[in-house]
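Structures for review follow.
Next come two complexes, and both contain chain A; in the first it sits with chain B, in the second with chain C.
Showing the complex of A and B:
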């Protein structure tokens, strides 16, 4: 029998310092699924195809599956830890309780930047979509995409400001439509329903691995984009009715959904679009599923995938605002950032100051940087976060063995998933180095500077013992 | 352990902290962009003077797709022939590895010092 049963009726959902006070607990497992898949599904609608450009179509498929293994490890590890942490902040809160404040501060920033950059990338894609639709419907001249980018970010921030239940219910509906659109495109173009238009063999001929095996390694960089953000399910920990049950269920159902969606997306797009066009997400295919629908000859599919792309970008941006603001809010509440950000809206019970503050940050990047750079910035922050997770689970199991805290979910084969995850992260660091080494070093330089700033300046404003908010026993070895 | 009482931070100081973070964040992305050092640009190593689908290495199926997308051999020339350069120096690779290891060493070490304080205050010595 474990010393602490986090799954019991009295403890499941217990907030910081053993209270029930905090954000509003209204969400169920379906909302958790919608939050995770909603953020990520846009990765099938845009961005993953840069992996094709890095190494060819086969390389992108290999990257898709290896990244799938990476994220399966992330989902399993995350599900175990988060089933015991019923508090906003996700991995940030985990790091605070398991590794220490500075690690938590860094993880909080990884989350905020990964999601804010992803939000910016979504807004860029939505702007592009309006541009293409305008051209297809006979608009003369170049449509200015910037008003649409601003509108998307402002509208979704407003939705988040007003309440989490409406926000994630909205996400549930549009994510489901975007997922169904991929299935319909697959059924319609693969020959299962009607005539197929797939030409994999002819399109791959002479271009099987255009860069050789190093291209496969390089493709891992953007292979992450198929799934990046699934770990965001943990941000809802303070707003789900039963964190110990809903979070593992929603997260694991989410990664299974994405593994299917990613493979179908690769199959459909690589069988219709030439790899050089597909692999260039700036000058070629910005929205590959939409481009595939355009070549299908079906107006209905063009509209369906057009709306699918728009809905996927909106769902993702929506989830990103939700997650980034929770992480920023949680850091404000702990005084890792100015305490002003730790306020909850008196009526809507949302972290409204964090939501509003991150709007201009997202706009700066959405309006000022090219898509691949924004995506790379997001991927790098995510990658640093995934590298933290193996350390996190190893220390969690060491400090609180299974007999000390009963989890809502125990991931199998420990420590194999942790070692696998760490190895795949190392491979991905190398992949990023192959094309974006300067950005990688600049970003790590940034994290080193802010870490020193935190440790030697900011941390003086933080209460020491009060940071440890979970009803856990004392860790072993301390 | 004596209970640590953090100082109260004034509004101006809070504002300065936020401004510092925002400047560092924006700088981390935009400085490499402004210096032209961010990202791997693709280049066309061997341009084709008289572009045809055959000269661009495209078979009939591939050419048909490009035409359906609205491309001609001339307009698709750079898109098809541009490639990344994956050559790298071992020194640069070792530098990157050293920077990553230094970073994790730094945060794990400082975190451990801070964490011991937290546990000590929360649970007592």
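Showing the complex of A and C:
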């Protein structure tokens, strides 16, 4: 940002301003990695295998890699924009600066819904895991899952309330254990360490693509599950010590980790579990990595993958609370929502009102809504967010070309990643429409209604000038 | 009553404790500090400081 005078009248920003209590800048690249991978890794432990049910094992692999391309584009685009718009709110703040208030309001809601729904889904899953462990250890009668679901949400909200450093250090440890568990399972069952139990050829014979290429397309919906949430790294932007370095480093290391974890997960599970069983995530394999460990005959692997499943679930819920609260806080700070939500705790330096406010919402969905509907709402909100990203980066490059603002990271081959991302989003929307057309239409209807509310009522309360406090030059063409 | 029944009660109790801790601290914080201080956060503080330093 050389040659930029932020007190100039021609500037987009408001100049130095009087923050008395702000979010604490204490995070490094490892925390950014833990936030992104932590939210996603549960998708490797459960959920991705519905893609096998839609089109067979090969379809799930094709979906895994196509979704991998989609998310690599997401990670590259996010790394460039966020290393420049280093502010809480992530994509909401990007939309506010680069596109406009209505887009920002919608993107902010996509983020809050995607993460709060995912948090609720994780809490439901954690309750179910406690139920399974109780059954396995001989508990007589049905375990009441509700106290465990509530405990997961309350404990993680409390951790988030008390400070971001402890929250994401906790995520770093449990995410690393969950990732190492996948590596150990791969090494132990593939024949690299000891005898292998892989039977790919026998299991695939005659079932290569059971529903043809339309099955591959349908599998794309759940292919997202391998990586859904990596874009959450951007929410740490205002709390990292060095945004220009930590955000691209943590995000890109995160997507590389997930590409490895997703491919290994597919390889291990599809080589041990028959596709009909693997693809049925409700009555068949609920937790495929755990099921693979059970079939390996090793008690140590069963324990390791059991803890891996629980840790991945907790890490995801923890990251979701962090991200949803930052998006809600940022919208409150700009008065897109009541300004009361824009408060920072003077001791813990966290957006404490946003964190506490979202707790009952997560509890209502975790205790009162079916898991598949909660997950679908989360995926659809995420997908709408990804569709915004290519438009965002194209406008960002056009309004502020590379020579006008110094980026922490410049993604290569622009605009190819943006076009690729937009194309893959269109394919995935079609795949979602095949399976969940009603929910897709209902959700788009919901966002249209809230957009009208924002345009005709809420926008009058927005801090129209004060919301832009980045010391940026005026956009080209304005 | 086996171990899991006790764990159920423990989970209810711990949930209530975490919730209470947040609620009490929230009320205490809101009554100790003024709204101006609590909502004074603005984005771009780091960038503004960097620019300020460059100007001096």
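Throughout what follows, the second predicted complex is superposed on the first by the 457 of 478 C-alpha atoms of A that agree within 3 Å, B and C clash if a C-alpha of one lies under 4 Å from a C-alpha of the other, contacts with A are read in each partner's own complex, and residues count from 1 in each chain.
Heads up, the rule we're going with is that a residue touches a chain if its C-beta (ideal position, glycine included) is under 8 Å from a C-beta of that chain, and two chains touch if they have at least 3 such contacts.
These figures come from a predicted structure and were not determined experimentally.
**Student:** Determine, under the contact definition given at the top, whether A:339 touches first (chain B), second (chain C), both, or neither.
**Tutor:** Both chain B and chain C are touched by A:339.
**Student:** Does the superposition put A:113 against chain B (first), chain C (second), both, or neither?
**Tutor:** first
**Student:** Using the superposition on chain A described above, determine whether A:203 touches chain B (first), chain C (second), both, or neither.
**Tutor:** first
**Student:** Once the shared chain is lined up, is A:101 touching chain B (first), chain C (second), both, or neither of them?
**Tutor:** After superposing on A, A:101 lies in contact with chain B but is clear of chain C.
**Student:** Considering only the touch criterion stated at the top, classify A:155 as touching first (chain B), second (chain C), both, or neither.
**Tutor:** The answer is second: A:155 touches chain C but not chain B.
**Student:** Contact-wise, after the overlay, does A:356 reach chain B, chain C, both or neither (first, second, both, neither)?
**Tutor:** second
**Student:** For A:450, is the partner it touches chain B (first), chain C (second), both, or none of the two (neither)?
**Tutor:** After superposing on A, A:450 lies in contact with chain B but is clear of chain C.
**Student:** Tell me the contact category for A:147 with respect to chain B and chain C: first, second, both or neither.
**Tutor:** Second partner only.
**Student:** Return first, second, both or neither, reflecting whether A:427 touches chain B, chain C, both chains, or no partner chain.
**Tutor:** In the superposition, A:427 contacts neither chain B nor chain C.
**Student:** Counting contacts the way the document defines them, which residues of chain A are shared by the two interfaces, the one with chain B and the one with chain C?
**Tutor:** 339-340
**Student:** If you look only at chain A, which of its residues touch chain B in the complex?
**Tutor:** Its residues touching chain B are 53-54, 99-104, 106, 113, 199, 202-203, 205-207, 210-211, 214-215, 218, 272-274, 276-277, 280, 283-284, 291, 294-295, 335, 337-340, 357, 361, 364-365, 368-370, 372-373, 376-377, 387, 391, 429-430, 433-451, 453, 455, 458-465, 467-468, 474-475, 478.
**Student:** Mind pulling up the chain C residues that touch chain A in the complex?
**Tutor:** By the definition above, chain C touches chain A via 2-4, 8-9, 11-12, 14-15, 18-19, 21-23, 25-26, 29, 33, 35-52, 55.
**Student:** Which residues of chain B touch chain A in the complex?
**Tutor:** Chain B reaches chain A through residues 3-4, 6-7, 9, 14-15, 17-18, 20-22, 24-33, 37-40, 42, 57-62, 65-66, 68-69, 71, 76, 78-80, 82-84, 86, 88, 92-93, 95-96, 99-100, 102-104, 106-108, 110-123.
**Student:** Applying the document's contact rule, which stretches of chain A touch chain C when the two form their complex?
**Tutor:** 1, 4-7, 13-23, 25, 86-89, 93, 134, 137, 139-140, 143-144, 147-148, 150-151, 154-155, 157-158, 161, 238, 243, 330, 333, 339-340, 342-347, 352-353, 355-356, 359, 466, 469-471
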